[in-house]
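So, here's a batch of structures to check.
In the two complexes that follow, subunit A is the common piece, with subunit B as its partner first and subunit C second.
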Partner chain A sequence: MTGEKIIESMLPMHDRSNGLGGGFAGYGIYPEYKDFYAFHVFYNDNSARAECEKLLGESFEIVKAENIPTRKIPEITDIPLIWRYFAAPRDSVLSRLQLDEKELVVRFVMHVNSKIDGAYVFSSGKNMGTFKAVGFPEDVGRFYRLDEYEAYLWTAHGRYPTNTPGWWGGAHPFSLLDFSVVHNGEISSYDANRRHIEMFGYKCTLRTDTEVIAYIADYLLRRCGLTLEEVASVIAAPFWSTIEKKEPKEAERLSYLRKVFPSLLVTGPFSIVLGFDGGMMALNDRLKLRPMVVAEAGDRVYVASEEAAIRAVEPDAENVYAPMGGEPVIVRVKEGAY
Partner chain B sequence: MAISYIFPEFEVVRNFDRCITCRVCERQCSNGVHSYDEDGKVMLADESKCVDCQRCVALCPTRALKIVKNDCTFREDANWSGATIKEIYKQAESGGVLLSSMGNPQPLPVYWDRILINASQVTNPSIDPLREPMETKVFLGKKADDIRRGPDGELICDLPPQLELSMPVMFSAMSFGSISYNAHESLARAATELGILYNTGEGGLHEDFYRFGKNTIVQVASGRFGVHEAYLNAGAAIEIKMGQGAKPGIGGHLPGKKIVGEVSRTRMIPEGTDAISPAPHHDIYSIEDLRQLVYSLKEATQHKKPVIVKVAAVHNIAAIASGIARSGADIIAIDGFRGGTGAAPTRIRDNVGIPIELALAAVDQRLRDEGIRNNVSLVAGGSIRSASDVVKAVALGADTCYIGTAALMALGCHLCRSCHTGKCNWGIATQRLELVRRLNPDIGTRRLVNLLTAWKHEIAEMMGGMGINSIEALRGNRLMLRGVNMTEKELEILGISHAGE
Partner chain C sequence: MTINAKNLDFTALNEELRSAGPICRIEGCLGQRFIAAGMKDKSIEIYGVPGNALGAYLGGGGIVVYGNAQDAVGDTMNAGLIVIHGHAGDAAGYAMRGGEIYIKGNAGYRAGIHMKEYREKKPVMVIGGRASSFLGEYQAGGIIIVLGLHDDGKPVVGNFPCTGMHGGKMVLRGEALGVDFPSHTKQRRATDADMSEITPYIERFCGLFGYDTAGLLGDTYTVVTPDSNNPYKQMYVEN
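The block that comes next holds the complex of A and B.
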């Protein structure tokens, strides 16, 4: 699918955002560089770029560095420098630091975002990329020429910032490695989640709550080795009263996850789509304080805050339903199809 | 006898038009304030003995009595307050260390009162606890270090021992001896009914109360009174008391006159002997010794009970807590300088230690900085006065709170701060049977349950207002707090922003 379709689907969602942030994530967009980490970086100026590139070059071999192609349109203004790099970790660095390569990538991203003034790595996965800006999503999509990319999975978001400023780094999706998160809602547990996850080397620097969900996903999936279903049972944990009614084995499992990860329970309204290498997981908060619908059309699955977004591009979509709060909807691309 | 320079602190004001000379006040006052003058057929009062416990006021059937602060004044000035002058006179008369009870009364900052709580508006819905589930359940204990799976890929769900609480409040340590049998029974029964825990303090566990074991924390303190294998195994958890907020750095002294009957038996010391708890544990002169005691207690209980280490909030509390978190302890209880006591030297109580708010914030942050916050749960005490104090403590980083003074007040304590005299008119801090009988455990239990049920509603209401429906999402959630009337430094230590930021 090219990015055209998802831009189209965002049109009826125009009024859900206010022009202060729009973004997309596409998976499978860099087949020719699929073995390299694709870093997308905003720079305020060239000195930040020089500093970041120096650091990148120390730990990674850069096979390609370029401006991310954009289309000049009047709707998008105050544009920072937008670069992308395809890079592979240097073996010598990995062995010296005794790290696996994903951990090295995470540390690099955290270092740049927290230590280099005016540089933000906003995408760091393989064969995927995040594209975001201050603007309405349909304009952001045209700005980044997403019609020229083909992906097996697209996510998109229009922002209506409430607690924090609208700025380029604050637009969704938030991503780390191949995980990306778009989020409709506001997290009341944010500081509890942030202060917990920062114990494990993550640094929340992007001044908005959703960022922490991306790091929680990375921590639970990659570092703790939980399954997607288990992650859903941590961040949208069932109520104790619900757990008590489950059959004993399931109750034990759910109660274990709540006891081990109490600080990663996410409260407040959210519908999120977590993209990952090979699929996505859609999830609502446990009270279902935000809308989310799922639909199918042929071999495609759609998830949106409103059915209108789906109907805009698939008028004949079927099996439309609204998942329960806390019920994960996990979609994986068929084996080998990406 | 030389004249006393000290005038009575209170005045007993009797409305003789109302007084029917029923002499209830006389019978109720263990301090001997009231007496009946047979000749004049009037009630008399010796105000010098009055502690303003309000017992006579509460029981006077015609509301003929009130106790007011004596407005007689010394020639005070900004440096020499009446209280200071009085203390000088007392010590000049007695030659002794001044003794006090209950918490530090000095006008030092109460940070709880400078912290304000957030609520949702527009962008995030508040949650109505009457319509939606609101979870206040807390688990205390070390969390698992790593996730393990069986050969089938299923999670292996074993965790170090955990304590389950229905809400983030526990009754703090008050020994049988410092408080009465009926007070202990009320605490034990209320804890059981509420699904929380009470704490034996260093007085052993009366055999009648073993049946409340699931809701009991048994304490091991420096005097080791009442400690034996069955005692250690009787409770849900074991607390090693290293210090107490009211008197950091010193031990305890329960006078021989309180070591009578059941108290003597439960403490396992002869009647009439003073129960002296040394200032340090004499088998703990450093952190590695604490570790040994922690593991000894775990061995004695087959590693089934979490071990709590209770310390007073002192200057270097963050580093101390970090050491404790690496000592094998499952839970750290921190007791602030306003914590109550049955008896403490006044100078210590009023001048040693630091506020719990700052200590808690510093410890929580330090443990996070070191990545070991999951090793332990944190309990904050001294002094938690209300549901909003609990909410603020949890948001600063506490897993749960200890309440002592507030619980005693529910039982009838009027904060007369005379526990050390052993003549508590409310039947709480006394071993005199005729006084103990005044506290009916049925009523005491009910009042404690009422208090915490009310707090639980209030906690749920405040959480719902913040759009939070589970207490774990509040824990350490400092963005939900803002400060007023504080310096940058105070805000920095508390890790919160100023109101308006």
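The block that comes next holds the complex of A and C.
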């Protein structure tokens, strides 16, 4: 699917955002560089770029460095320098630091975002990319020429910031490695989650809450080895009164996850789509304080805050339903499809 | 009069509705919010997907949706009729103060949240299928009827129904076995008086959607009301 389709689905959602942030993530968009990490970086100026590129070059072999192609349109203004690098970790660095390559990537991203003034890595996965800006999503999609990319999975977001600044780094999706998160809602537990996740080397630098969900996903899935279902049971853990009513084995599982990861329970309203290499997981908070609709059309699955966004591109979508709060919807691309 | 909603935003669509005659048909509806908000003299048919807060502050007249509706159908409506020939999203009948809503399919979370009544203003919502969690949250008045005609095997209501309920009445078809009602409510099998109160609404539901009235009225119903001897006192939900 080219990015045109997801831009079209965002059109009836225009009034849900106010022009202070729009963004997309596409998976499978860089088949010719699929073995390299694709870093997308915003720079305030060339001195930040020089500093970041020096650091990148020390740990990674850069096979391609370029401006991300954009289209000049009046709706998008105050544009930073937007660069893209395809790079592979240097073996010498990995063996010296005794790190696996994904951990090296995470440390690099955290270092740049917290230590280099005016540089933000906003995408760092393989064969996927996040594109975001200040603007309405449909304009952001045209700005980044998303019609020229083909993906097996797209996510999109229009932002309406209510208590944090609208800026380029604050637009959704938030991503780390191949994980990306779009989020409708706000996190009441943000600071508790942030304090906990920062103990493991993550640094929340993007001045808004959703960022922490991306890092929680990376921590639980990659570092702790949890399944997606388990992650859903941690961040949208059921109430104790609900757990008590479950079958003993299920109650034990849920209770275990709540007790081991109490600080990663995410409270407050959210409906999120977590993208990952090969699929996506949609999840609501346990009280379901935000809407979510799922539908199918042929071999495609759609998830949105409103049915209208789905009908915009699939008027005949079937099996339309709203998952329960805390009930994950996990969709994986068929084997070999990407 | 027929209005093609394609490429109209909600303001333009409502302006067309206001200047149209009393009977209108909207085609190609796609997510426009606040349709017919505050209007009271229209009879509107909608094809497509109406956006959130359909019929907000509705003061009379009628809206019929031939498909699904999104969130907050009939938000704070005062009078009139809303008919949904599909499912409704979350918070249907939000703070409803009068009028009637009939939903053929299921309702999402928090249907009837903070519904209220005053003297002759008594809102009614009838849900043909099932309702998700927090049905009738903080209900202060009016009647919510759930018929459970769905066939997906899920319970007639989700978790935490009637949380904070302090007025009005909820009626569930069947014995509501396995539904966990909070201690500040009372349940009883519907009495003759209850049945004569709900009969006109069930008849109307059957007339709108083609169900057998006698069959439905022959069933058992469970009535839930607040327990005034043990009123709701909790400020926040538990963890």
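By definition in this document, the second predicted complex is superposed on the first by the 338 of 338 C-alpha atoms of A that agree within 3 Å, B and C clash if a C-alpha of one lies under 4 Å from a C-alpha of the other, contacts with A are read in each partner's own complex, and residues count from 1 in each chain.
FYI, a contact is a pair of C-beta atoms (placed from the backbone, for glycine too) under 8 Å apart; a residue touches a chain by one contact, two chains touch by 3 or more.
Predicted model only: the values in this text are computed from it and were never measured.
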Contacts of A:196 with subunit B and subunit C, given as first, second, both or neither: first
Partner chain in contact with A:287 - subunit B first, subunit C second, else both or neither: both
Which superposed partner A:319 touches (first subunit B, second subunit C, both, neither): neither
Touched partner set for A:98, first subunit B, second subunit C, both or neither: neither
First (subunit B), second (subunit C), both or neither touched by A:15: second
Which of subunit B and subunit C A:241 touches, first, second, both or neither: both
Touched partner set for A:77, first subunit B, second subunit C, both or neither: neither
Greater subunit A contact set [subunit C / subunit B]: B
Which superposed partner A:67 touches (first subunit B, second subunit C, both, neither): neither
Subunit A positions touched by subunit B in one structure and by subunit C in the second: 239-241, 287
Residues of subunit A touching subunit C in the complex: 12-15, 239-242, 245, 287-288, 291, 293, 306-309, 311-312, 320, 322, 324-325
Touching residues on subunit C, where the partner in the complex is subunit A: 9-10, 30-33, 48-49, 51-52, 68, 70-71, 87, 89-90, 108-109, 132-134, 158-159, 180, 237-239
Subunit A-facing residues of subunit B, complex: 120, 122-125, 127, 132-133, 135, 137, 139, 143-144, 146-147, 149, 154-155, 157, 159, 162, 368, 371, 373-374, 466-470, 472-480
In the complex, subunit A residues that touch subunit B: 162-163, 185-186, 188-193, 195-196, 198-200, 224-226, 230, 237, 239-241, 252-253, 255-263, 265-269, 286-287, 289
